[in-house]
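Both of the next two complexes hold chain A, though its partner changes from chain B to chain C.
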Partner chain A sequence: MAGRISFGLLLRLSLRSLFGHRIKVLIVGSLLAFGTFLLVFGTTLLANVERAMEASVTGSLTGHIQLLSRDAKDQLAFTGPDAASEQDLGVLHSFAEIKEAALSIPNVKAVVPMGRHVAGPLLGNELDRTLEELQAAMDGGDPATSDRLIRKLRRAIGMLQEDYRLRLDILSNTEEIEEAIADLKTAAADEFWSDFLQDPRPVFDFLDTRIAKLGETATNVFIPFIGTDLDAFTESFESFRMVEGEMVPKGHRGFLFNKTFYEENFKNRIARGIDKIEEARRLDGKTLAEDPALQQSVKQLARFTSYITRELDPDDAQALDASLRRLLPEAEGDLDQKLAAFLELDDENFDQRRAFFYEEIAPKIRLYAVRVGDTFTLRSSTRAGYPKAINLKIYGTFEFKGLERSALASVYCLMDLMSFRDLFGLMTVEKREELDSIREEVGIDALSRAEAEDALFGGSDEEDEPAFAGLDEDSDDAIDIADRVAALTTGAPPTDAAADETFDPDQLDDGTVIHAAVVLEDPTRLDATIASLQALSAERGLGFQALPWNQVTGIVGQLITVVGAVLYITIAIIFLVALVIINNSMVMATMDRVSEIGTMRAIGASRRFVLALFLVETLVLGALASGVGAGAATGLTLFLGEVGLPASSSDFLIFLFGGPALYPSVGWTQLGVGLLAILTVSVISTLYPARIAARTAPVVAMQTKE
Partner chain B sequence: MGIYLIVSLRNLLQARRRSLLLSLALAMVTTLLVVLLALSQGLTDNMIKTATTLSSGHVNVAGYFKLSPGQVAPLFTDPAPIRKVIEENTPELDFMIDRVAGFGKLISDTGSTISSLSGIEAANEGRFIERIQLAKERDYKEGGGDRVLGDRSKIGQDGTILLFTAHAKRLGVGIGDNVTISAESIRGAANTVDLTVVAIAQDMGMMSNWFTFVSKKTIRDLYQMKEQATGGFMLYLKDIADADTVRARLDGVFKERGFEVLDYDAGKPFFTKFEPLAAEGWTGQRLDLTTWEDEGAFLKWTIAGFNGVSIFLIGVLMLIIVVGIMNTMWMSVRERTSEVGTLRAIGMKKRRVLFLFVTEALILGLVATTAGSLLGGALAGVLNAAQIPIPSEAARMIMLSDTLYLSVQGAQLVQSVLLFTLVTGFAALWPASRAARMRPVNAIQHVG
Partner chain C sequence: MAIVEIKNVVKDYPLGKLKVRALHDVSLDIQRGEFAAIAAPSGAGKTTLLNLIGCVDTPTSGVVRIDGQSTSDLNDSGLTNLRLHKLGFIFQSFNLIAVLDLYQNVEFPLLLQGGLSRKARDARVREVIEQVGLTPQLRQRPNELSGGQRQRVAIARALVTRPAIVLADEPTANLDSTTGKNIIELMREINHREKTTFIFSTHDPMVMGRADRVVKMADGRIVDDASADAAGAA
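Right, the complex of A and B next:
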């Protein structure tokens, strides 16, 4: 009974004294309120970013858990410098067993096999294409087209001659170049073409064998891709959706481009530039008049005109010149100069010129270097530097919903698992051994495994090998990959034609994979599921380890950790200093009230009562202040949740936010933790002054004037 | 003047506990500021050091040669006239080196990795070879010893390769092992060359992940380049501050002499230029002039970000401190109201009273911040000397170093002290002016 009365009294006394010391209340209160605001808002935002990133990562790349071999030497990373260099991750030997085991855990929804790799596309050059078209036109008996193509071809040969003369300036192997120049001279001469219509065979032969290979073949594009069970992938990753073309049919080999990657790397550069300006204007509300980055890209466009003029045949060039003259009567000079004038874009002419580009120019050029439906050659090299190539049909492009504009989420294209195994297959111990001839580490165990792997790979190696036979890693001689790949693609396809396009879907699981994504029913039970997976692996000797998604995202995941650490350190420092200052204010306030306390003590208040009085006072103040701070933080969060925190066009932010804007929601945990932390801080900062007060002897206190 | 000091000091000493607590807070924040400034300076130093050691001189004259519109090679076919122009027009020049650039795949028995290749000539690279810190064996080899293996004198010689620790680890090689480089020449032909690892250097933050050093001849052979061809000139000046002037002057001179010079694109390092250049229509030789700041520009965002967080943190703390000081001064004014009344009554001017209180705050501020900044300097020094390894890869990327590096500068210590002392004095102005405005009659009667 007595306790209850004294609590009511305590509360009343506290309120009265708080009211009586308004300045102190204001100072301490605002510090506490600010601290709460910072803590609650900061952690809420961080938690939201983590959740959004979790959604964008787990929904597009990694799944919730990644399984990989216990023997992995490197840390699996999907982004950052680790992902850019080749990782030694070992292999999961029997995917079927692992999948079956993992699926026996109730929370596991799907297990998707994966392997990351990088390949360079071998794009046929313009010369090749024109030759093909000419052949078709001749076969089809179309003299007008043939004539046009012949002129185009001769123009291209003329341009190549200049290129090769330049090579003499920098390269040391002059004989080869002289030979090429001689060939080009032959092909450019009128006599060479004089009998063409009567007997095209020798001309075609010469062009095919001597000239076509001189065309530009180097591309700077490297395509990072994930080799996977495409059906399982699309079913398991819910944000996946096709944009163009069709899904690779079950049991077929095929390639899918990530739409953003495809646009960025394979679209005509001017078209892509115009698209990007359009996107920035439409989605980000930027204007050419105000945005310096856009102005810079407009300036660059004018320098890229050769991307159009190089592609045009003489007739189209003339037609385009005429229509540009109509559009821009004042523009002078050759077609390049007219195009440069055309590409001087501003806010007023942008829409009109974009329309002109897509109506008049785009149909005359190859808008994409490779098109959906094409079959292209991908070449790659294994860890040992052993070249590999494969022909694949591009079935379509895809995107991850909400992450269309994030280049980070658009890094990986997709390939069927069988083709991936072919490209990557040489990285088996056996193949490495072939190259290294002696490796001491290779024990009996490893060898037998290699043999097993070989069997699992379905002997595709044997079919690949002849094309590259004679390749000696230690040789200093030039190895002309282009020639070999040409041989591969024309003469001997890498694998048996029938087997090349289709495969038995059962083979997907019955083989080796590098790692696998696990998608969960309930992501909140991540830790428990990882524990069950680990236990299962140990129990059945499956040899895999399970890693949570945030450990495999590479640099992006780590940056989040760093940002979080910086936030917490900042808040901790601020709290520490605030603690000292609050403590200081409290001591001051206590000193101020020494005589009051003395009086209380004199009329019978116990020390504990005085102590409790001070603590209650602080708690009330703390609760009020942190209430205000937390309220402000919640208000701001709700407001942002409504309007969204824009990622602007920052690629990194789009990935972190899981879309073009973050819509944060209030986190009760953060709110609770924030309030608790502030109350703790305020109580700690009161302990010392409260003890001073409690220790005050009544007599001394009443005597003190100050 | 002296009397104010004495009165202020007396007051501070009288309210010892209060003064001490406030000083503690002030000193803490000053310490923090000094450490943050030292870290920021350390980052900048790291950036300059990394950029000017690995990839850039103070000023760079790089060559781009285009065989066809789409093929860009980073080289000068005929560097002699370029060298002559630079030598004749750069009195600030300390020395100049040229390197040949390449890009390839490094392959060992157990691993492979991709790296850009810098072809150097041992005879000219004294500064580089001296700056590179060779790593201890255990840094790249499990169970390796504390000894520093490798031979600096062989760096840059034919048939040798200098790796950074990260590459050595990835490749699983040590000193004396073989590494094969495979690179693709202009025509898509793959060439390989075998090299011996003669030195393994300590990593220099993330940037060193992209660099490997071999002899010029190695790269020329890989790409079948002519012997006189070189990649670009790196100019080291007597004073790095002249970099912009020199770049601008050379730009003008080259253009005057009829060389084709690319438009200056500030903040764009070497490796970002290939793609846009490949899209431009011209062929032949062009020059590109940059400064170390352009080459290191992509590292700057970490410094900007770090400074942003620091400014925010210090700003918030400053606010808290100001509140604390005002509170303390407030108390002081209240306690001494009658004293102030007396002083005013015996003829002290209002301004003097104000001055008295502000002096008190300034003394407190000066003592506390001096202590704090000395502590901060010492702390930064100790942290730096401890060579604390940075654990996470992302943090290493941000710090541009593998170990924590702080650079304390005297000027920064003085600046921190001045800043916080002034802030303290400023915060005291309001309570002090309140004290000064009190009417002597009321004040003198005030009790408690």
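Right, the complex of A and C next:
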């Protein structure tokens, strides 16, 4: 039967024909191979990045799912501009119930309460600290230390005097500066200090009120943090690792710094600068001779010598001057100039100078503005916008394994949940009791916002601000009123909770939280678990919504979507071009082969045979080319899986790659999809020319003349 | 019954808005085993007639029957089938498939037909190649063969399916006279031995001289239908 087509014959004819048209095969084949390569490698890489980023995000910030109030007005975002702006996320009122419900789903491993907020540390400057130390030394009867600190103070005052004289030439608000210079002149005079040991009070008062403020303002940084059940957090987020200090003990209030954030914002600027150069040289293989960014940092270091000199007492200054003279005999000028010369770093002297810095200079200065073990004051505003401050002990620093160098994974520090609730103005059992007692004291049964305003500002005949309307006395905001009363009477943000205060760990679950991270046993069942959680929330009226990690990461999640879209659009364009080129070259080939096709038709080949011949030809070419492309993509993936694709020092890439390098693995799905897509494209692009060929009349064979 | 029956066939071709009549009321019977030449100058309609017999074209009116089957009743697939099983073609320009070697070119129609075992097919292919005397060149490509050799391959390909009719369109036109003569001798010999019907167009008197019967055409009409001797005598 003529209708039956021998596939073997088709294949043989196709191979022969492909071999006979090598140029066409080369052009179309390369295009198809490149398309396959791009598709397979691109999607494989993307899948790997997504997986790595998922590990980064879920292991350090969000967990696999975030539970959030249904009443949230804003989109929860951990990174990007949304995270930086204030988000109205509502509250989850009964965390204990939500946790219990979520844990009843088998795939849920842990539920960690969370709340994100920002606070600024209240840090004195170097003068404040020296004054504090001097006070302590005098109180403790330590004349040697006192003497050293007095000389340090007087040296600092001398430096400030010079500084302000320079400012007089540059700045316009001369009145203020002249006043400052006058004060500094007073403080620098010998007679100012002559009665100090007998009567230190006036000196302290003058220095405290008039001089200390003239010193360099301390680090003005805002610390983003997550208030959480610290034990649950560290257990659930497997990449969490303590670096210095100790974990906050169970039932204690406390603060943990993210190591990178701490280094970046609280370390002496020169020390940090040297650290970063060292890191870039060691980890990224950069050199000072070649890298312009590093050269720029070196230039900047020399401008910041005051970060060292202003911290020194006269003895240390002298000692440092002497050791610098030994190290750099040719350096001239004062200590600042010698330090500037010392900080002219190059590849040859870097290691030696770094060692010198840490041996000779670091012990003489305060390396960190706050230290592990210190208690510091964090100032913030509550949910309703009132100032609030708490004292917290810094127990240590932590990092997320693999993401040490990623600033994105180092955005958040950690605070115990109780302190967070205080700062954010959330009601806890103890706060409610405290509020009740305040109410009793001031003799108001039900203290409402409006009444408080009235009490403070003497009635409000005009329209009340609508923002305050409708708040009942039991709302979480009510606590702010008490705080605000305190704030207005003392003039300082209310501070409560002594640094070492303990609490009953049960209170962690009892109170209100903003959102909660859900960590899964099997992350591949994310969607099903989200559905179960949503159903549970609706069924029990728990009022939360469950969001997958990639919806709450903010800008990072969006970027990965954009990268994916760009990749797919590029591939689509390449495919479109391939489609047109294959179509074109096949039409041309058909024209070239009209006589051959006509002959086949004349001697008995059916239209179906010709159609099949063209399709098989393209399929064979498509299979060969996409095999080459997919093979190259797989080879490259395997190679990168061995050696790793370095994230270099790009912070964003480190986060995307889940570490300093990405070790991609071959994705069978991507491979299959890639091969299938390329074969589909080749077949589609051959349909038209194949139809033309099949329509060739056998009579053309008769017309062929050589 | 004649293997080819042509009754009152008219064939028109469109030429722009005009119609050109290539055949005017042509009738012709060719008997089984005949070795017939259709002789005419260019443009007289011999290729059109051959196309109609070869089932690559159908008449505008009139009837063409191949082995009793009217070609006007068949669709493309029916015509294809008829060509595959009843006809063998020898073209003026040989029309071998360039990407296949000699053996594969000859084997091709058998593969299209299907049905034979590999062994039977191989035996048949080798047999016809032997007949045309090309066994030593079995694996050569068309472009490695001379014109005469190529036409022998074409003959082998036309014969391999044991067709009832072999059509040859000016089979010697592209060959030198000695080679052309050899090719005609080969066709003649096969005609004698296998009783295969040969119909070929030509305007070469030497070829006409070898034919049993010469059908002469002019202006789309048959003007003379006589034995070759008679034609030669005329």
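Throughout what follows, the second predicted complex is superposed on the first by the 548 of 706 C-alpha atoms of A that agree within 3 Å, B and C clash if a C-alpha of one lies under 4 Å from a C-alpha of the other, contacts with A are read in each partner's own complex, and residues count from 1 in each chain.
Convention: a contact is a pair of C-beta atoms (placed from the backbone, for glycine too) under 8 Å apart; a residue touches a chain by one contact, two chains touch by 3 or more.
The structure displayed is predicted, hence computed values, not measured ones.
Visitor: Name the contact category of A:R601: first (chain B only), second (chain C only), both, or neither.
Guide: In the superposition, A:R601 touches chain C alone.
Visitor: Contact-wise, after the overlay, does A:I170 reach chain B, chain C, both or neither (first, second, both, neither)?
Guide: Only chain B; A:I170 stays clear of chain C.
Visitor: Can you tell me whether chain B or chain C touches more residues on chain A?
Guide: B
Visitor: With both complexes overlaid on chain A, does A:L13 touch chain B (first), chain C (second), both or neither?
Guide: Only chain C; A:L13 stays clear of chain B.
Visitor: Figure out whether A:P698 sits in contact with chain B (first) or chain C (second), or with both, or with neither.
Guide: So A:P698 only meets chain C here.
Visitor: Once the shared chain is lined up, is A:P387 touching chain B (first), chain C (second), both, or neither of them?
Guide: In the superposition, A:P387 contacts chain B only.
Visitor: Considering each complex separately, which residues of chain A are in contact with chain B in the first and with chain C in the second?
Guide: Dual-contact residues (chain A): 595, 705-706.
Visitor: Help me check something: in the complex, which residues belonging to chain A touch chain B?
Guide: On the chain A side, the touching residues are 23-24, 27, 30-31, 34, 38, 73-74, 80-82, 84-86, 88, 159-160, 162-163, 166-167, 169-173, 216-218, 220, 269, 300, 303-307, 309-310, 336, 381, 383-385, 387, 436, 439, 473-476, 478-482, 555, 558-559, 561-562, 566, 570, 573-574, 576-578, 580-581, 583-585, 587-588, 591-592, 595, 705-706.
Visitor: Taking the complex as given, what residues does chain A use to touch chain C?
Guide: The touching residues are 1-4, 6, 9, 12-13, 16-17, 19-20, 595-596, 598-607, 609, 697-699, 701-702, 704-706.
Visitor: Chain A touches which residues of chain B in the complex?
Guide: 17-18, 21-22, 24-25, 28-29, 32, 65-71, 73, 75, 77-78, 105, 107, 109, 111-114, 170, 180, 182, 184-194, 206, 209, 220-221, 223-227, 229, 274-276, 278-281, 283-284, 309, 312-313, 316-317, 320-321, 323-324, 326-328, 330-331, 334-335, 392-395, 397-398, 447-448
Visitor: Would you tell me which residues of chain C are touching chain A in their complex?
Guide: Where chain C meets chain A, its residues are 47, 50-51, 54, 56-57, 76-77, 80-81, 83-85, 88-89, 91-95, 97-100, 104, 108-109, 111-115, 157-158, 161, 169, 174.
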